[in-house]
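The chains carry the letters A, B, C and D, assigned in the order they are written, with residues numbered from 1 in each.
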Amino acid sequence: MAGFIARRVLLVLPSLLGLLVVTFLLIRTVPADPAVALAGDNATPEQIEAIRRQYGLDQPLLVQFGRYLAGVARLDFGASQFSGRPVAADIAQRLPATLELTFAALLIGAGLGIPLGVVAAMNHNRWPDFLLRILSVGGIAIAAFWLAIMLQLLFAMQLGWLPLRGQLSVGLTPPGGPTGFLLLDSLLHGRLDILGDALRHLVLPAVTLSVGGLATIARFTRAGVLDTLQKDFVLYERAVGFPRRRMVWIYVLRNSVVATVSQIGLLFGSLIAGAVVVEAIYDWPGIGSYTVQAILTADAKVMLAVTLLVGVIYAAVNILTDLALALIDPRIREGR
Amino acid sequence: MQITRRQGGALAMASLLAARGVRAATPGVLVRSDSPPANLDPHQLFDVPMMGYALNAYDGLYRYENNPPELQPWLAEGHTASADGLEWEFRLRPEVRFHDGAPLTAEDVVYSFRRVLALGKAPASAFLGILKPENVTAPDARTVRFRLERAYGPFLAAIPIVAIVNSRLVRANEKDGDHGAAWLAGNEAGSGAYAFVPGSLTTLERLDMARFEGHFLGWSDNPSPVPRIAVRAAKETSTGVLGLLNGSIDWTDSYLPTDQVEQIQGSRVAQVAKDVSMRTFIIRMNNARAPFTSLNLRKAMAHAFNYDGFIQEILKGYADRNAGPIPNQLWGAPKDAPGYAYDLDKARHFLKLAQAEGFNPRQQIRIHIQSQLEQTNQAAQLFQSDLQSIGVNLRIVADTWANIVSATAKPETSPDMWIHWVSTYFVDPENWVGQMYDSRFHGTWKASSFYRNEKVDALLQRARGLVAQAERAPLYEEATRQVMADCADIWVYNTVELRGLARRLSGYRFCPAGGGAEMRWLQMKG
Amino acid sequence: MLVLRKFLRDIPAVIGAVIILFVVILALFGPWIAPYPEDASASHLLRRLKPPSAAYPFGTDNLGRDILSRVILGARGALKVALVVVGLAMAIGVPLGLLAGYERGVLAEAIMRVTDVFLALPQLILALALAQLLGPSVESAMLALTLTYWPFFTRIVHAETQRLRNALFIDALQGIGAGTPRILLLHILPNILSPIIVRATIGLGFTILVAAVLGFLGMGATPPDPDWGLAVAQSRTYLPNAWWFATFPGLAILIAVLGFNLLGDGLRDLVDPRLRRSR
Amino acid sequence: MTVPALAITGLRVGIRSDEGMARILDHIAFSIAPGCILGVVGESGCGKSTLIRTILGILPPAAEIVAGSILFEGEDLRAFSEAELNRAVRGSRIGFVPQDPYLALNPLFTIGAQLLEVMRWHAPGERRSHSTRLVELLRRVQLPDPEAALARYPHQFSGGQRQRLLIAAALACSPRLVIADEPTTALDVTTQQQILRLLRELVDELGIAMLFVTHDLGVVAELCDEVSVIYAGQTVESGPTAAMLDRPLHPYTRALLACHPDRSEGFTGIPGAVPSPLRAPPGCRFAPRCAGARPACTGRSPAPQWPEPGRSVDCILYEAKAAA
């Protein structure tokens, strides 16, 4: 098992390097020039040129990339060309918020999507199946921000049950350290008031973000269960009178979630992408809005760092997915 | 009839939304939903979010107050200037203290100006060409002396740009000769009415500020100042509006969409402050490249934009027609220049003339919009549909600020047309006509019409070198008249800034420079 | 004929087919169906943001244009984006996945590593770069979407093919000397269509939505295109007041995507040999 | 006379399809005494699997029993609810050995987990006693290293071993009847022999009844006490194995025997194909392929005849003989 993980990690490295090269080239093809923004509204062309030199933007591409790589190797991602702030610090501050949000969304998505998929499959072509198919498609199709605003109107404005936006009430101060994850930190500090408040703030964004993933998970689970139900062993299990419920929820489901679990790995990437919109609407201080800002300001250092980060997260999630698959299926475990 | 129904609907909705609102307000904390600056160093950035922060955390030698803006002594008690405009001396107030208790002296002022020049970023641009670091000196603890390389008319107008930082604190945090840039980007070293709460910053998302009891102006004029300010950026208009309506936001940015005004005015917890600003809305034309090398075509375009329709219907009247490059209420704007009016017959006439010169109406003209700024989009679409009716083919290109301003470096890459605002960074015609139409600024986005007229260059050059407003005004007026006669761009309106304010706030003061972001005048109930 | 009858019995699939047919008709004949076809680019300042009424059943937008007409006119673009992107992504992703899953060794490994790189590439950043290279347009957005979507197909096809390549019948086929392309296309592909179709139908919806986000950032459809996603993106400024501006284009997206998905599910049931056997 | 372990009479099963109701089983009749192995023989598609699913009550949703009775130890299984069947019949009183040992076991669970699951469900009791019994059974079916087997996964066994596992599973809850669905077709010949021998021993040892479904007359000859031949959903002939193989009565049985390589010099085969249950010919379903068919055959269904003690045949030919 350890060898398996080591092999996967090693395989990831060239992919990440490839990712960096591709991104670096892509960003460099973009003509947007950060020096213009830095120089300000009243700058003369000479001042803009001076800033360009100061940031090494006039150097050959290869030199720029080499310098950048050398920095990355020391875990130094440089400073944002737009804000001058160290990229690593900003990301470290924001990443936990995004991860908390995506994990919560994933939890909701899997927690509801898998059972819904099973129920639909067990009622193949009957009304629960139709209903789920229509709802899950709706879930994929519904524009996140439209749903978000409707949820805001209902739960924050009309009913007043949940906060409209943000990660924490204005009156509360985050406990700070050691993990950077608000929920975890408030728990570690024993601040249950903060934990409760943070959870209340998490509900609407997480639900909004989960909708698309939930639909995908439900669909794949449904398809998987339908596939599994055709298997000979299911017929056998019925013929020898397996307890019905356990047969479906344990014996059939475990065989059906293989596709779903691989999907969750892929889904994580799109969840982070979806976080862009959700974070913007709920003013969630995560990585999504940071990325959009970087794109709009052509902030290459931030875009590169975010790309690399997404790549690393993606790779990590995929390794985790493979591990999960190996836990599910003994044949994978044995490398067959 | 229809309008009334819609208004009725809006009011009903607003009252519905506001019904449960007030609860969401936090006692003793004012929540701002505008964006905090990208970093906290007032010497690295100079834009609207930075002003929203720096006007509160820092002080300058002078400050703009009121509307129209007046330059008032702030940290300085006053100044003297030599007749040739080269020597400037500022006398500091006594007894000013920084947030850490250290006294503010001339040494801090000298350090601040030298630091701005050394960093060379946005706030430096007004000074780089005219001021050498060694020529900012402190003859004594309360006197600062500047010796300029050459006379520069807008010098005094630009003085408020430079925030005075605590030199000892910043020096202590310098690293590798960075002038403390890395440290100050996430910390604060000011003397302003509000102090940054350390550790409360998430870049571009949130920061907290607390009232500074020891501010040099004292607080006797304000019976119930805001004790604490929480900046929590709202990125979506709808979230900002909803927050305002349920009381969880007290203070929005000043660019509320005009269509949201009615609804907010109808609420019991919030209202909209409407203030005429100095922020002009302009449709640029690339004068250096065909087809806009043709004056007749530029005039045809200028007559084809539906100014009144845009201002009255789309902006609901929350804007003033501004027919020239300089905001109407600023000196230097010629009162007698008529500008161009929406008249499709005239437009057709000039179009014919342009065609006679060789303009092919089938040729596609591209207008770049900033796609996340809805107003540029609406203006372009409105323009497009009018131009279509006179047979001009306008194509809208969605773009971003960063790309457009990079493209404006050269006339060959600069768009045919694009749309933007010009805000007040310093209150001087130089901020508008000077930097927009003097050919020495070609290559910057502000001069992206690539207009070139030696007469105008000369007028602007002279105006820049004089100090007295009375001498400068006629020069700017004449230059402006010429630019308007040459129809270099399409000047549309001067902004009315619309800021959502909770009704528990009062004493809001607006000034075009800074857009009313100075919080010390505000009073808050609860 | 038996196939058709079987399909007709699957009510959701029929609903899906009817929706798609409807969208196709709108796409083909939109300019003749729309009550105000000139509202594709015209603007009418005096009737901005009017709520739904008899004259404008879906209300009017921020420039006074009839939303119903624009929803009808937008069908063409939506259909184009969805079909082209998913079609191209499948055309790239499926063969690569088959190859990587069936062959072993350097080639397969290389394909999968490249796939990983593209899978990890943030869509927005890629889209931005392409928009700059090719000029911001629907086409560059479609290219960006294609480039980030094909790896999904490769991954799925790869996994399924790997699973099948050891199956008895493949051994048998190899034994009787069937060529690789023949085995891949005639024997493996039909057996893995089901997850491909599911992924594709999800992709159709996803594509329309992501295209909308790109449009908002200035990398997709450009105004005044009557694009559904663009309309939804623009409507944000007017929410929650002008609810109809966001709602009707949003519903159009939802219904079209629903149609694709229901139809896709129906097709899946038809083509999946395993499901066929059970009947 | 003892109560038969299983007695089926007049069983008819239909499946709803696009083109109407298909009579997949038309009239099926046989019975099995305890300690006896009954072979049910038929070509593929004749309804063997449906017969098994009918007895076990796991027909697909579209299928239903139209007529007939299924008496299991004297009780009518059709009167049982689904819950009762699942709890007290399937896997407990009726054991099942599936056709393909490679596919019948859930690949993701250990043998122990799967088999004990069934045992716990049907005979709630102490876990340890279940596993002890299971290990004993595994030893009885000659599975090597039975203790370790419980912790292993299906793919870690060979086909023959898996079939032994499944036989042990079928016996785990002390059934009175075991249904074996061509349990040896997926195995190689040597393994096949071992399994058949094992089954015979177990039946004799435990005194249970066994329904052995197959298409292979050779296997029947070797294993079964009695045979029942099915053609296109109809029982055509039943009787003791030896007698039937020696003197087949029904033309179909004869044709079938003639096809068997061990029993005939030339490989003859039967002309025509098994009719679709949807378009079953009226009367005797074999008539269109029958060399000795006469016009009356297609007119009506034959009535069962008992030309010898213990033997029955459904053919008009024997009606005539009986009448004469």
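Quick notes
By definition in this document, a residue touches a chain if its C-beta (ideal position, glycine included) is under 8 Å from a C-beta of that chain, and two chains touch if they have at least 3 such contacts.
Remember, predicted model here, so these are calculated numbers, not experimental data.
By count of C-beta pairs in contact, A-B exceeds the other of the chain pairs A-B and A-C. At the centre of the protein atoms shown, by the Cα-centroid criterion, sits A. Set against the C-alpha centre of subunit B, every other chain centre is closer than that of D. Per-chain Cα centroids separate subunit B from subunit D by 89 Å.
Mean C-alpha positions place subunit C and subunit D at a centre distance of 50 Å. Distance between subunit A and subunit B, defined via averaged C-alpha coordinates, is recorded as 37 Å. Distance from the subunit A centre to the subunit C centre is 22 Å, each centre being the mean of its Cα atoms. Multi-chain contact residues of subunit A (touching two or more other chains): 30-32, 145, 149, 153, 295-296. In subunit B, the residues touching two or more other chains are 17, 236, 238, 242, 372, 400, 403.
Shared interface positions of subunit C, i.e. residues touching 2 or more other chains, are given as 132, 217, 236, 239-240, 278.
Those residues of subunit B that touch subunit A in the complex are listed here as 16-17, 20, 23-24, 26, 29, 31, 38-39, 41, 44-47, 120-126, 128-129, 181-182, 185-186, 199-200, 202-206, 230, 232-236, 238-239, 242-243, 245-246, 248, 372, 400-403, 405-409, 413, 422-423, 425, 431, 435, 440-446.
For subunit B in complex with subunit C, the touching residues are 2, 5-6, 9-10, 13, 17, 236-238, 241-242, 257, 259-260, 263, 306, 309-310, 313-314, 369-372, 374, 377-378, 380-382, 384-385, 388, 395-400, 403. Of all the residues in subunit A, the ones that touch subunit D in their complex are 231-233, 235-244, 246, 251, 254-255, 328-331, 336. By the touch criterion given at the top, residues 30-34, 36-45, 47-48, 50-51, 54, 79-80, 82-86, 89-90, 93-94, 145, 149, 152-153, 156-160, 163-166, 169-171, 173, 176, 279-283, 285, 289-290, 293, 295-298 of subunit A touch subunit B in their complex. Chain contact summary for the complex, subunit C toward subunit B: residues 41-43, 45-51, 53, 62-63, 132, 135-136, 215-220, 222-224, 234, 236-242.
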